[in-house]
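By letter and in written order, the chains are A, B, C and D; residue numbering begins at 1 in each of them.
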Amino acid sequence: MKTFVGIDLGSTTTKAVLMDEERQIIGRGITNSRSNYDTACRVAGQEAAIDARFTLFRREFDADGAGQTRVEEFLCGLERSFRLEQFLEQLEDLEQTCLGQVKGERFEKIGDGVRQALGEVFRRLRAEAPAMFAPGAVRKSDFFRDIAGSRYLAVAEEVARDAGLSYDLLLNVYDKSIIAVENRPPSGSLSDKFKRALDRVTAQGMEPGEELIRRVDRALGIELEETYLVGTGYGRVTLPFSKEHIRSEILCHGLGAHMMYPETRTVLDIGGQDTKGIQIDARGIVENFQMNDRCAAGCGRYLGYIADEMNMGVHELGPLAMKSDKPTRINSTCTVFAGAELRDRLALGERREDILAGLHRAIILRAMSILSRSGGVSDQFTFTGGVAKNEAAVRELKKLVFENYGEVTINIDPDSIYTGALGGAEFARRAVEGRMEGLNG
Amino acid sequence: MTTPSTSEIVARCKALYEDLNFTTAREWKAAEAGRKVIGFMPIYIPREIIHAAGMLPLGILGGGDNLEVIHGDAYYQSYICRIPRSTIELGISGRLDFVDGMLFPSICDVIRNLSGMWKTLFPEVYSKYFDVPQTYRDEIGGTFYIGEMTAFMHDLEELSGRKITADDLRHSIDVYNKNRRLVRDLYALRAQKPWQAPASEAYLVIRAGMVLPVEEHSELLEHYIAAAGAEDRPIKDNCRVIVTGMFCEQPPLNLIKSLELSGCYVVDDDFMLVSRWLIGDVPLEGDPIHNLAQAFLHHSESTAAKYEPDREEKGQFLVRAVRRTGAEGVIFASPSFCDPALLDRPMQQNVLAAADIPYIAFKYAENSGQMQPIREQAGTFVDSIKLWSAA
Amino acid sequence: MKPQTIKAQPKDAIKDASMLKQKEMMAKHYDRLSDARENGEKVASTFVPGNLNELLMCFDLVNNLPEVNAIQSGLRKQSGAYIMEAERAGHSEDVCTYVKSDIGMMAKGNIGPNGRKLPDPDVLMLSYTGCFTFMKWFELLREQYKCETIFFQTPYMADGKITPNMIQYMVRQLKEEVIPKLEKVSGVKFDLDRLREYLGKSAKAEDDLVYILKSAKHKPSPIDAYFGGIYYIGPIFGAFRGTDDAVEYYRFLRKEVDQRIAAGLGPVTPDGPMGEEKYRLVVEGPPNYTHFRQFWKMFHDEGATVVASSYTKVGGTYDYGFRHDPARPLESLAEYCLGVYTNRSLPMRIDMLVDHMDEYQADGLVINSIKSCNSFSAGQLLIMREVEKRTGKPAVFIETDLVDPRYFSAANVKNRLESYFQMIEQKRSGASRGAAA
Amino acid sequence: MTLAAGIDVGTGVVKAVVFRVGDGEEDWLSRATLRIRQRDPMALAREAFDQTLEEAGVAEADIDYVATTGEGEAIPFHTGHFYSMTSHARGARYLNPDCRAILDCGALHGRAIITDDPGRVTKYKMTSQCASGSGQFLENIARYLGIAQDEIGKLSVSADDPEVVSSICAVLAETDVINMVSRGISSPNILKGIHLSMAIRLARLLKAIGVTDELIMMTGGLARDEGLLAAMRESLAKMRGVEGEITSHPDSIYAGAIGAALWGAFRSEKLAASGTLLRAS
C-alpha cells in the first residue's frame, strides 16, 4: 500500500508518522534525537512502521468483528512481547558494548572483577525485563536509554557495593556505551522478532489459533511502500533529504494541529529548545507565528534540568507540582540557573512541590508572552509538544488562558507530540496529489 | 493623636508600594467628581503644573518583581530594559484604566518610543512626550522649555475645563518646595546616621510620594523623620556607599535589602529623582512658569540622562556627593540594557578613579530574583574597604 | 547529513557601475580625511541623522561620520574586535555597538577603511537627532579628543507635527550657538549665500534620489531598496550632500536604473542579478553589516526583492516631500533634522510603513530588529502588529545587530525567513485555490 | 595561637578547613570536601565542619573563629562571613605567595580578582547571567560523552583539532556538542573546544579588571582541570595585554575555605585585641 511519511526531527525527540491514502494515521514512532540525526530518522521511521503493522493487524480483524476481546487481548500481548524482544536485543548489545570498554590500563588490575560485575548487572536486568513489559506495568519512559539507564544505575549500585567496586567506574562504562548503542539502529529482521514474540504469547498460554496466525501473516505480507517523505523540525537543515522534501516546522505544526482539530486557530508548541506560538486560519494555513529568541529559557529542557537536579524523571515532575496550591514566585527561567535557584529555595525551606509549581508557572508565563506576541489566543486553542504531556504545565496554561482570553476550548491530544510529523505526512500526501501546498479537501 | 511609629509608617508605605492597582489613587479620584489623575514616568516632570490643575500626579515606576508580565513581553525584545514592558502590562491589564493622562519625560529612546506606543494602544487617553531642553541658555533652551510647559498647561486646562492661574501655580510650587525640603531632610538624616534610616525604609517612604497627594506625603515624611530620628537603633560595622544608576527602572526591594545585608550603608542614591530634581526652593514671586524654567536650567540635579555641556564638570557631581556624605565608595547599579546609565558609567568611573574613590558596578532588572551574585559583589566591596581601612 | 567542511571561497561580489562609482567617491573622501592635516583642512565629526553637511561646508570643514566608520568596520569584519576592545575598556555589553565599534577603533589607532590613520576632529558637531545615544557618544568622544563640542538639539516629533516652538528653538540654536562656534573653530566667516548654493545642489540630488527610490514600484523592481538602497543613500547621507559629486552620482544612477527598467531587469546583487521576483518586501530597521552579503543572499536565494525600507530614511525623508530649500536656509535645515525617520513618532513610523506596503505593492514586512539600537528597536513589535492589522499582510521579525558579529545567528535568521517565505507561498496558493473554487 | 575554621559553601561542593595561626605560622590542620549533588548544603556544612574538627583533633569550643564564605551567610554556627572574592584572594596568596591575580572557576560562576602587593583586593569581576562555559556545563557534557570527571583534563590536552563551541547559551551549546558527536568529532576535541570557549570568557574577565603581567593563580574546583589550565594558557597567549603566567595548585579547591579561615583568624586577633570578640548570633 501507499504510505506517506512525515518526520519531525526535534531537538530532543524525533517523531515519525505514517499515513495512508485515506489520510488515516497508521503508525507513529518516536525516539531520542540526541546523538545521530540519520539514525534518529531511521529509528523513528522504523518504529512507525512497526506501529503500522499493529494497525494493519487490527484492521484485518476489524473487518468481520469476530471475537473482539480475545483478539484485542492477543494483539496487546503480541505488542508487549514484541517490545520485550526489542528491549532484550538492545540490552544484549549494551552488554557486549560495555564489556568491550573493559580494557586498557585503567582496567589492568580490576578487569576481571568489572567483567563479572557487569555480567551480574545484566543478568539481573534481563531477569526483571519481563515484569517491565507485563500487562499493566508502567514504564518510566519509552526510550531504551531511559529505561535501561535508570535500572542500570540502581542495579549497578547494589552490585558495586557487594563486589567492592567503584560505582563511578560502572557508571562510566555505561555512559560510554550507551551512545554507541543508541547510534546503532536496531538490527535483526522484523519478522523474526514478530515470530519470537508470537512464540512468547503462545508460551503464555494464549493459543492464537490458525485463523489468527493466518491473518497476522497476511497483514505482515502487505508491503508498506514509502511513497513520499517530508521532513521538518529543528534539525531539518541537517536532514538527509533534498529541499522539496523539507517543510518549515511552523507550517507542519500548524497543519498538523488543524488536522487533529479543524477548528483550531491558535497553536502553542513547547518542545525541548523552542516555544512556538502559531495562528492558523480555517484551512490550517499559518497566518502568524512567533518563536522564542536565541535564549532557550523556559522550554522543555528546563524541566529536564530540574528533573536531573531532583533526581526524578520528567514524567514525575507534573504530578508532584500538582500537589501544590501556592506556587512560589519564580522570575528567572534560565535553564541552567534553574538548578541553582531550586537549591536556593530549598535551602530557604520552601516546599519542593511549591517550587516546582512555580517553575511550571514560569514556563507557561513565558509561553503566554510568546502567544501574546504572535497575536493572542483565539478559539480553539491547541497545545502540542512534549510539555503538553505535563499536567502541571497544562493546569497553569488553562488558568492563564482563562484569565487573559476568557472561555476558550483547549485541545490537548495524548499524541500531540506527533503534531509536526503529522503535518509533514500530510504535506507528503499533498505533494503526491500534485498540489504543493494549500488547502485541504 | 499619637504620631505613628516607624514600623507603622514603613508598613503603610510597603503596602502602597506593593499595590499594583493603585487603590489610594483610585480612591482619591473617586472621592470627588471631576478629579483627574495624570501618570508620569521617570525622570522629571514639573508636578507643580499638574497639582495646580487640581489633578493628582501619579508616578508610574514599572511593575517591580511582583507583576507577572504576560503581554508586556509581546511588545519588547529581550534586549530592552524591563520598565517599559511592565508599564505596558499595567496598561493592558487595566490597572491604569483610571488614569486620565500619561506623561513620558525625555529620558531615553525607550521611553520616548513608549509615548508613541501609548498613543497607538490607548488612543482615547491624553498622553504626551514631555520634551525638555538639553541646552541651558535662557534665551535658547529656556524659551523652548517655557513654550513646552505652557503648551502642557493648556492641555491640562482643556482636560479639566478650568484655567490655571498664576496663584494656583504659586501655591503648588509652595507645596512642592515643602515636600522637597522634607525629602532633603530625610536624605540628610540618612547621610548622617544611616543606621537610623536604612535605605530600604527611606526608599519606601519616598516612593509613597509617587502615589499619595503631596500634602499627605509631606506629613508622612515629617512623621517618619521624627520617629526614625528618635529611635534607638544599633550601629553596625558597615561601610558608607553611594548607589547610582537607578534613576529609571527601579531595583527590587530585595536588592536594596541585600546591599544592606552585605554590609552597606547607603548614604545617597538617585532613586526617584523627581522628588529632589530641583535643588533648593523655587521662588514664589514673579512668573511661576519662568521660575520653574529657571530652576530647571540652573538648579537641578545631574544625572546620566542629561547632557553635560562642560567637559570639566562631567561626573563631578558624584565626587561632590561622596565628599558631602562621607561615603567610602560608589556602587554603580544599572538596569540591564539601560543605555543612559551604562554609557555614562565609564566616564563617571574615570572621574572617581581620578579622585581615588573606590567603586564597583553591576546590573539588575526590576524583577531580578537572584540576589546572591549581588550580595557577593557588594560584600566583597565592603570586605575590601573594611579589612584594609582598619589596617 | 552533509558536513559543511568544504568552504567554497566566496566569489568576488558582483557590482554595477554605480556601486563602483560610489566606492571611488568614498575612497577619495577617506583620502581627503587622512590628508586633512597635511592640507591644512579642519575636520568635523557628526552624525548621519541630522547631518548638517551643507553648513559644515560653509566653514570648509571636512565631514567625518563615526557611524559610517562603524559601518565600514562592520563590512570589513573588524568591528567584532573593536567592540571587544571597548568592552574591555569598561563599556557594557548591553549598549549600542556602533558606539563601541567607534571607540574600539580609536583605541586601536583609529585606522580608517583606507588603511590610514583618521585625523582627530577639530570640532564635534553633536547634532542630537533621533537618538539619545548620540549625546553619550559625543560626550565619550569629547573625553578622548578634548576639542570643541557643539550641541544642537532637535526636539522629537512626538505629536506628528512640527510646531513653531520647535523651529524657533532650532533656528536660535543655529544662529546663536552653532554658527558662531563653527566660525570660531574654522576661522571662516559664515556666508548665507554659500549655504543657499549648497542647499540648492542638495535639492537637485534629492530629486534624483527620490526618482530612484520610487522606481521600485515597477515590476520587477529595478532596485533593491534595502541592501542596494544602502549604497544609494551613501553619498546623500554622508559627506557629499550639497556637492556637485552628489548631483552627478545621482544623475548617473538614475540612468542606470532607467536602463534596467527598460530592459525589465531586477537589481544586481553581489551574487549575481536577481532572478524571478517572487516576493516584494518592505523592510524596517537597519541591516546587519558584519554578514551583509550573507544576509542579502538569504533574500536573493528566495527571489525576494526589497521594494522599500525605512533605513533609507534615516538621513532624510525626501520621498515624503522634504527638500532642502535655499529660500529658507536655516529653517529648512531645522525641518530636515526634525523629519528624519528616527525622529518621527511611532505612529508616524507605522503610517509610513503602511504607505510603503500599499504604494509599492509589497507582499509583506520584514523587521530586522537591532539589538543595539533602542531608537529603532523599542516598539518594533507594536509596529509589526499594527502594520499587519492595517494591511492584512504578514510580517516577520528577525533579530541581529548592526556591527556585532556575535549577534548574527545565520541559522536562526534563515530559519525564520524560510518559514516566512513558505508561509507567504502557502497563503498565496491557498488564496488562489480559494478563488478558483 | 588562634584556631580558625573556614567553611566554603559552594554551588557544587562544600569545603572546610581548620587552621592554627600564630607567631607568623599558618598551620593547616585538616580539610574536608563534600559534593552537594541534591543534598542540603547547610547540613553538609555541619558535616564537613565536624569532619575537620575530628581530623584536627580539636573540639568545637576551642575554635576561636568560624568563618564562612560562598553561600554560607545563613549558617547558624559561624562567627563571621567573608565574601568569596575576599577569601579566594587570601587563599590563593596562601597557596602561592607570589600570585597577584586570582581566577576562581567554580561550578556556576567565574571570578577574576586582582590584588596589590600587600594582598588587598583592588578590583574584581564575576561572570553573570548566562551559564554557558561554567563548570556545571562541562560536567553535564562530560556525562553525556561518558567521561569521568578526572579524565576530562587528560583527554582535553590530547586534542589535535579542537572544535569551538559558539553558542552563548548553555542549552544551545549542548545541542552544538550533540551535533559534533554526530559529525564524528572526537571527545578530546569537543572537550578542548569547551575548555577554549570557557578560557576565552575567563581571559576576558581578567583583561576587564586590568590584569597585565601579574602571576595568575587559578582556584576553585576547575583549577584542577589541566585541560582548562592549558586552554587558559593558549587564550592568554593570544590576548594582547595580559602577559602574566598562570598557575594552579593541587589544593586550589580549598582556596576559599583557606582564605576564610585566615581572615577569620586575623579578625579574631584584632577583635581580641580590642576586647570586643563576640560570637555572632
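Quick note on the criterion: a contact is a pair of C-beta atoms (placed from the backbone, for glycine too) under 8 Å apart; a residue touches a chain by one contact, two chains touch by 3 or more.
Only a predicted model underlies this, so the values are computations on that prediction, with no experimental measurement involved.
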Per Cα centroids, the chain farthest from chain D: C
Between chain C and chain A, distance of the C-alpha-averaged centres to the nearest whole Å: 49
Centre distance in Å when chain A and chain D are each reduced to the mean of their C-alpha atoms: 40
Geometric centre distance via CA averages, chain B-chain A, whole Å: 52
Per-residue multi-chain contacts in chain C, two or more chains: 1, 90, 381, 399
Residues of chain D whose C-beta touches two or more other chains: 71, 168, 182
Where chain A touches two or more other chains at once, by residue number: 37-38, 238, 293-295, 337, 340, 373
Category of the chain touch graph - line, ring, star, complete, other: complete
Complex interface listing, chain C residues touching chain A: 1-2, 381, 385, 388, 394, 397, 399, 409, 411-412, 414-416, 418-419, 422-423, 425-427, 429-430, 433-434
Touch list for chain A against partner chain D, complex: 11, 34-38, 168-169, 172, 174-179, 238, 273, 294-296, 299, 301, 309-311, 334-337, 339-340, 343, 346-347
Chain B to chain C touching residues, read off their complex: 74-77, 79-80, 84, 106-110, 112-117, 119-121, 128-129, 131, 133-135, 137, 139-141, 143-144, 147-148, 151, 304, 307-309, 311, 314, 334, 336-340, 342-347, 349-350, 363
Chain C contact footprint on chain D (complex, rising order): 168, 182-183, 204, 207-208
List of chain A residues in touch with chain B within their complex: 293, 295, 329-332, 337, 340-341, 344, 365-366, 368-370, 372-373, 400, 404
